[in-house]
Amino acid sequence: MLLHMSTWAEIEQFLERSRTIVIPIGSNEQHGPIGLLGTDWMCPQIIAHQAQESADILIAPTFNIGMAQHHLGFAGTITLRPSTFIAAIEDWTRSLVTHGFEKIFFLNGHGGNIASIEAAFSQLYAHASFARQPAGFALKLSNWWDLEGVGALANRQFPTGHGIHATPSEIAVTQWAYPESIKSAAYTPQIANSGPIREAHDFRSRFPDGRMGSDPGQASVEKGGELVKLAAESLVRELEAFSRESAPLGPVSASTNNC
Amino acid sequence: MLLHMSTWAEIEQFLERSRTIVIPIGSNEQHGPIGLLGTDWMCPQIIAHQAQESADILIAPTFNIGMAQHHLGFAGTITLRPSTFIAAIEDWTRSLVTHGFEKIFFLNGHGGNIASIEAAFSQLYAHASFARQPAGFALKLSNWWDLEGVGALANRQFPTGHGIHATPSEIAVTQWAYPESIKSAAYTPQIANSGPIREAHDFRSRFPDGRMGSDPGQASVEKGGELVKLAAESLVRELEAFSRESAPLGPVSASTNNC
Amino acid sequence: MLLHMSTWAEIEQFLERSRTIVIPIGSNEQHGPIGLLGTDWMCPQIIAHQAQESADILIAPTFNIGMAQHHLGFAGTITLRPSTFIAAIEDWTRSLVTHGFEKIFFLNGHGGNIASIEAAFSQLYAHASFARQPAGFALKLSNWWDLEGVGALANRQFPTGHGIHATPSEIAVTQWAYPESIKSAAYTPQIANSGPIREAHDFRSRFPDGRMGSDPGQASVEKGGELVKLAAESLVRELEAFSRESAPLGPVSASTNNC
Amino acid sequence: MLLHMSTWAEIEQFLERSRTIVIPIGSNEQHGPIGLLGTDWMCPQIIAHQAQESADILIAPTFNIGMAQHHLGFAGTITLRPSTFIAAIEDWTRSLVTHGFEKIFFLNGHGGNIASIEAAFSQLYAHASFARQPAGFALKLSNWWDLEGVGALANRQFPTGHGIHATPSEIAVTQWAYPESIKSAAYTPQIANSGPIREAHDFRSRFPDGRMGSDPGQASVEKGGELVKLAAESLVRELEAFSRESAPLGPVSASTNNC
Amino acid sequence: MLLHMSTWAEIEQFLERSRTIVIPIGSNEQHGPIGLLGTDWMCPQIIAHQAQESADILIAPTFNIGMAQHHLGFAGTITLRPSTFIAAIEDWTRSLVTHGFEKIFFLNGHGGNIASIEAAFSQLYAHASFARQPAGFALKLSNWWDLEGVGALANRQFPTGHGIHATPSEIAVTQWAYPESIKSAAYTPQIANSGPIREAHDFRSRFPDGRMGSDPGQASVEKGGELVKLAAESLVRELEAFSRESAPLGPVSASTNNC
Amino acid sequence: MLLHMSTWAEIEQFLERSRTIVIPIGSNEQHGPIGLLGTDWMCPQIIAHQAQESADILIAPTFNIGMAQHHLGFAGTITLRPSTFIAAIEDWTRSLVTHGFEKIFFLNGHGGNIASIEAAFSQLYAHASFARQPAGFALKLSNWWDLEGVGALANRQFPTGHGIHATPSEIAVTQWAYPESIKSAAYTPQIANSGPIREAHDFRSRFPDGRMGSDPGQASVEKGGELVKLAAESLVRELEAFSRESAPLGPVSASTNNC
């Protein structure tokens, strides 16, 4: 069920059977010689829209502009500053909470968004924490490539040259959804080099065609379809688990971290 | 040409022949018993996407969440605060200006956005004005219903019961684009009442089903198609005029105003 | 009754008979060859102060700096950024609401303020809307030239050359109030040209003496007196209607808008 | 010379002979049983306007709403938050600097403003300091009661019961300027008590009629006239010294401070 | 008792016997030829840590970066903007209030912080004042050199050449605490000159070695020890008085001010 | 070399041989039954101060309050909101850049800070990216437990019960530095449970004594000493590599990410 294709009365009815909603969130930024500028927001949108074809889940409109300052050296990139991004996530969340949504699931399509989404979660939770009251809602971030099984599939599909930006996996997803918009190019080198991410001027000098460690030429409609199908199924399962979760529950992955 | 379906190199080439870009902008908010929650951002998106089918113009991704605090009493509405909205328009604009865009055209689908879009323009221009330097870019706001001829057509199509929210004209546009999502309802009264717009609690008590002065039942796919066709043509002409405009030029409509 | 010429105890007494207050709001900006820099905040102040001479209404201090970034190319202009302006209106309003005022009426003297005042209203209402509670107050914006009958009178007084900035009507109002400060100048052309409003550099090149479409030479003390008298009477009536209004009431002007 | 009673061309001419401007700044807040709510912004306005009667100095419009959160328990008080106040001073200053003003003198009428005005100065200067460049302007704050000789005169006029809020000196100044608005009251006790300043609820319980340590009954038109005359003369001298000052000059009063 | 050297359970126990906490606050900025960059935050830290050796008081971590934009012309200076500084004090305070602290005492080591600390207090109190509710906490600022007897002692120790920045008193305090870090230098002139404080470029040209009116060569470990001992004792007494204070109580020093 | 124990002239000299600086950054928050509230800012401080004993590196004052809203349910926790935290990192960085620092290394002690530090980096870089100019500086975040070899050592020291909050490794580091402040407690269960991190109310109900997955009882002074020694050595090497790095250089770890 797509929120924007529904009436308010239909959403009111949905809220009687579920308090969970998915927000596809990404970025609009260069994706190398053949990647579409919308890749990072279209991927989670494609997967989420696919998932709701066969499950009673609700998908919000797509949050389509994210953290892309490092790509501004390439035409067509649009970015928010983190301060704006955080404020916008606050407003989206507070709007949905007003209606009674309690589990808000951000399906993310851009690695560069992760930090600022988590910062936004802290900003939202801090209101409750300062007020010594329960927030009444839970926020969850999942990257589509971290949905169960998806990373393993991508590793099998692209054992070399996956890279971390303008990857064949994300490009395959858009090729499956928009086969009429498939582009092609020659690559030099075939697999792009890697390096740190800083500001736009530095980025373009390190990564002259926009790729980071990737060989997008390996993408195909068929591989994209496999990824979308698997990701959509995993998304539905992850949503079910998130919906079922009550307050002080649920194991989290262990790591040698210091929170 | 859709920016998000293009590569950065394609946008770089576009910039050699034009410095103008269109941003469809709207709101995600209740639209009465049959109107879709996405109506206000889908209408300018539908018109802009239609226009680029037959003209060499560039359409940015859609700015889909706007000024809808007064609709928060109805499920599914998502709003930004004006402060967030203004910051986001600043960031979108500064991103595009970085690439060399000089004429940024906001095609708006929500009356409630007008004030805050204009406030954002002032915020952006103020940087240049304080620095005693030309801004190097021009911003323009047009509501799709104010494109040449569109208001007159809507008046002919809906001589009574057009109203100002959940109007038959905007619903017709979405019906034309998404005929599979047409909804129906009975209306009491047939034409909704009117009144001032304040906060959400006040709004819902004044307008119990979400309509303001409108009879959405008059909408039809055919009327929607007429509106889209005319609006798309007018948009292309308005963009041509805006693109041609050099700095100290261009008459503005006279009124008994005090600027 | 002028708030700033009263004691707190007198305001406390006023609140027992009325919950309505008027804030004159304008801008301090160039007004062409003979217009005073204070024109836009002095006009609503003059009218509001005149109105309280013969009616039991309460006038707040004047909000005298507004949205004037486009006039910064002319000496003496002072502007706020929209973000500051909105924050200030929030603070004024919240202060007055603290005391029990429920109807806050902004009598505006500057067209360029309209958008940001309305954005401020949304910012204020959004707090209530997010909290799912009534705001407990209503905000209203009226431009003095839109008070009942005033536009028609100005059209009769100045059938040509009224224009939209440094207009003979606003200059006449200040001439009536401050006849000792009347200035004179020669105009070339007699009626200034028009054009879009952007940043200060662009503005000054389009409008070299600061006027927009106006011939201020038509202003006179007598015409100013007529305008003030009529506006003051209309203001009192409009305040009475606003004060009487209870929550879900009151028709609003219809238009082919989409809110 | 009053900026708001001048044209932009007159200010342009003034800038050829001086780069100094005075901003009267105060607060709109309760001033006890007989003090006017506008006392704190009217006092510096009265003195500055008086000073320009006989000296070629330029007075900006009055910044009339200041730091008065602690007085919100008394009707009619209007306050800004410090964050808004600082942003507004930034905008006023940047506007004036755009025109070429280099010495901006804030004549303050409210002790509670001092901290936030100085914070605003730091905020403004920090832009230059981070950019490793001269700011190109100097800011100065003087309280009217600290102008040369004024404190001594007030001490002679009111050897006891001057206090620190709703003082006979500030009330006398407004009585001299607006003799038609003189109020009277009985005081219990004759001299109000003192205490710390915190939030509004605490303030009202400590200071039930709004006075702090003062006996306003000692104010008179004659004493007010003496204060205004002396303050206006001292203001002109202080402005001359400030105007003459070049960059690395000027002794500052020594104290056992640690800056 | 040092908060950061305690467990949460120990703080919970402390809160059963006291609701008062001390925050040492200062600045990290140049202090002339021999002064340490940390002088201004180390002084209140040294004194507060000394005081808790023999009294049951609680010391928070040190707020170590303050208002130092004017010192940015000298390497090693780190500053916050006032807007950041105020927001940080808000967050520290709200965190402590969440736990039940009611008396928050800022022991300040930098004159340049005073204004922005007081602005932060207003920002914090304003929330309560707008809400017409008691804040539930009280904030107090004391500079260590204003603690009872300390100024008099410094005057006896340094009858000339104390000055206001890089003073022998503050340097002596750090020399007592860190005798291994004592530096020496020759001074020309022996006592530095004075002048106004503006931005960094202006500051460095006025004060080429960073001192203001001071002769730091007079500092000694012994004098530092005397200052620390006295200040620590006075701090404990001042905290006792502050802790005992109930809401509408406590005289404040009288002055010819206008609050 | 400790910045705060140096004079400005010593820092000026340091800048002639290096443009790199380390900022220890952490959080002040509950760390379970025996962990000190300052653990997260003291750990990177301890390691950085140790490292500069034997290497010519420069350590800034410690950024001691971080992202700890989820710990506010435990007394003594102090947090910033992400918006404040980001603004503060901006100011620290801009201050240091003003002096000529080009490589700013944040040695982090709190997992909860990672997201907001990276958001701050984006905020800082965005200024350069919007301006189409090189930033002139590079920012790097390293958690002390991710320094080369440190995670492996901690795994050997604590094969079970390390957990992610109030871990034996971080507690061991503080025990080594402050053996006089070692606390003890009984644990039930011996190894704390795990779960998601949300707001403070939820956190305390999930983690009643504040630990997450850890058994702090395994900490010892000896293990702490091993960790500090190894981390300090690795820090020096990582700083050398960062200092040597020129702009478009340096491989980054590959992962199946989508940036």
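A, B, C, D, E and F label the chains in the order they appear, each numbered from 1.
In the analysis below, a contact is a pair of C-beta atoms (placed from the backbone, for glycine too) under 8 Å apart; a residue touches a chain by one contact, two chains touch by 3 or more.
Keep in mind that what you see is a predicted model, and the values were worked out from it rather than measured.
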Chains contacting each of subunit C and subunit D, listed by label:
B, E
What is the minimum number of touch steps required to go from subunit A to subunit E?
1
Give the pair among A-B, B-D or A-E whose set of contact pairs overlaps with that of C-D by over half, matching residues by number.
A-B
Select the chain at the greatest separation from subunit B, using centres from the mean of Cα atoms.
E
Can you grab the rotation angle between subunit C and subunit E? Superpose on CA, round to the nearest 5°.
120
Roughly how many whole angstrom separate the Cα centroids of subunit E and subunit F?
26
Just give me the whole-number Å value for how far the CA centre of subunit A lies from that of subunit C.
46
Could you please state the distance in Å, as a whole number, between where the Cα atoms of subunit A are centred and where those of subunit D are centred?
54
Which residue numbers or ranges of subunit B touch two or more of the other chains?
72, 79, 81, 83, 95, 98, 129-130, 132
Based on which chains touch which, is the overall arrangement a line, ring, star, complete graph, or other?
other
Which of the chains are touching one another, listed as pairs?
A-B, A-C, A-E, A-F, B-C, B-D, B-F, C-D, C-E, D-E, D-F, E-F
Can you check the complex and tell me which residues of subunit A touch subunit B?
3-12, 15, 28, 30-38, 41-42, 60-62, 64-65, 68, 72, 74-81, 83-84, 87-88, 90-92, 95-96, 98-100, 178, 181, 183, 210
Within their complex, subunit E touches subunit A through residues 94-95, 98
Please name which positions on subunit B make contact with subunit D in the complex.
129-130, 132
Interface residues, subunit F side, partner subunit A - complex:
40, 43, 67, 69-70, 72-73, 79, 81-83, 86, 109-112, 114-120, 122-123, 125-126, 128-130, 132-135, 138-139, 143, 145, 151, 154-155, 162-165, 167, 169-170, 193-202, 205-206, 212-213, 247-252, 254-259
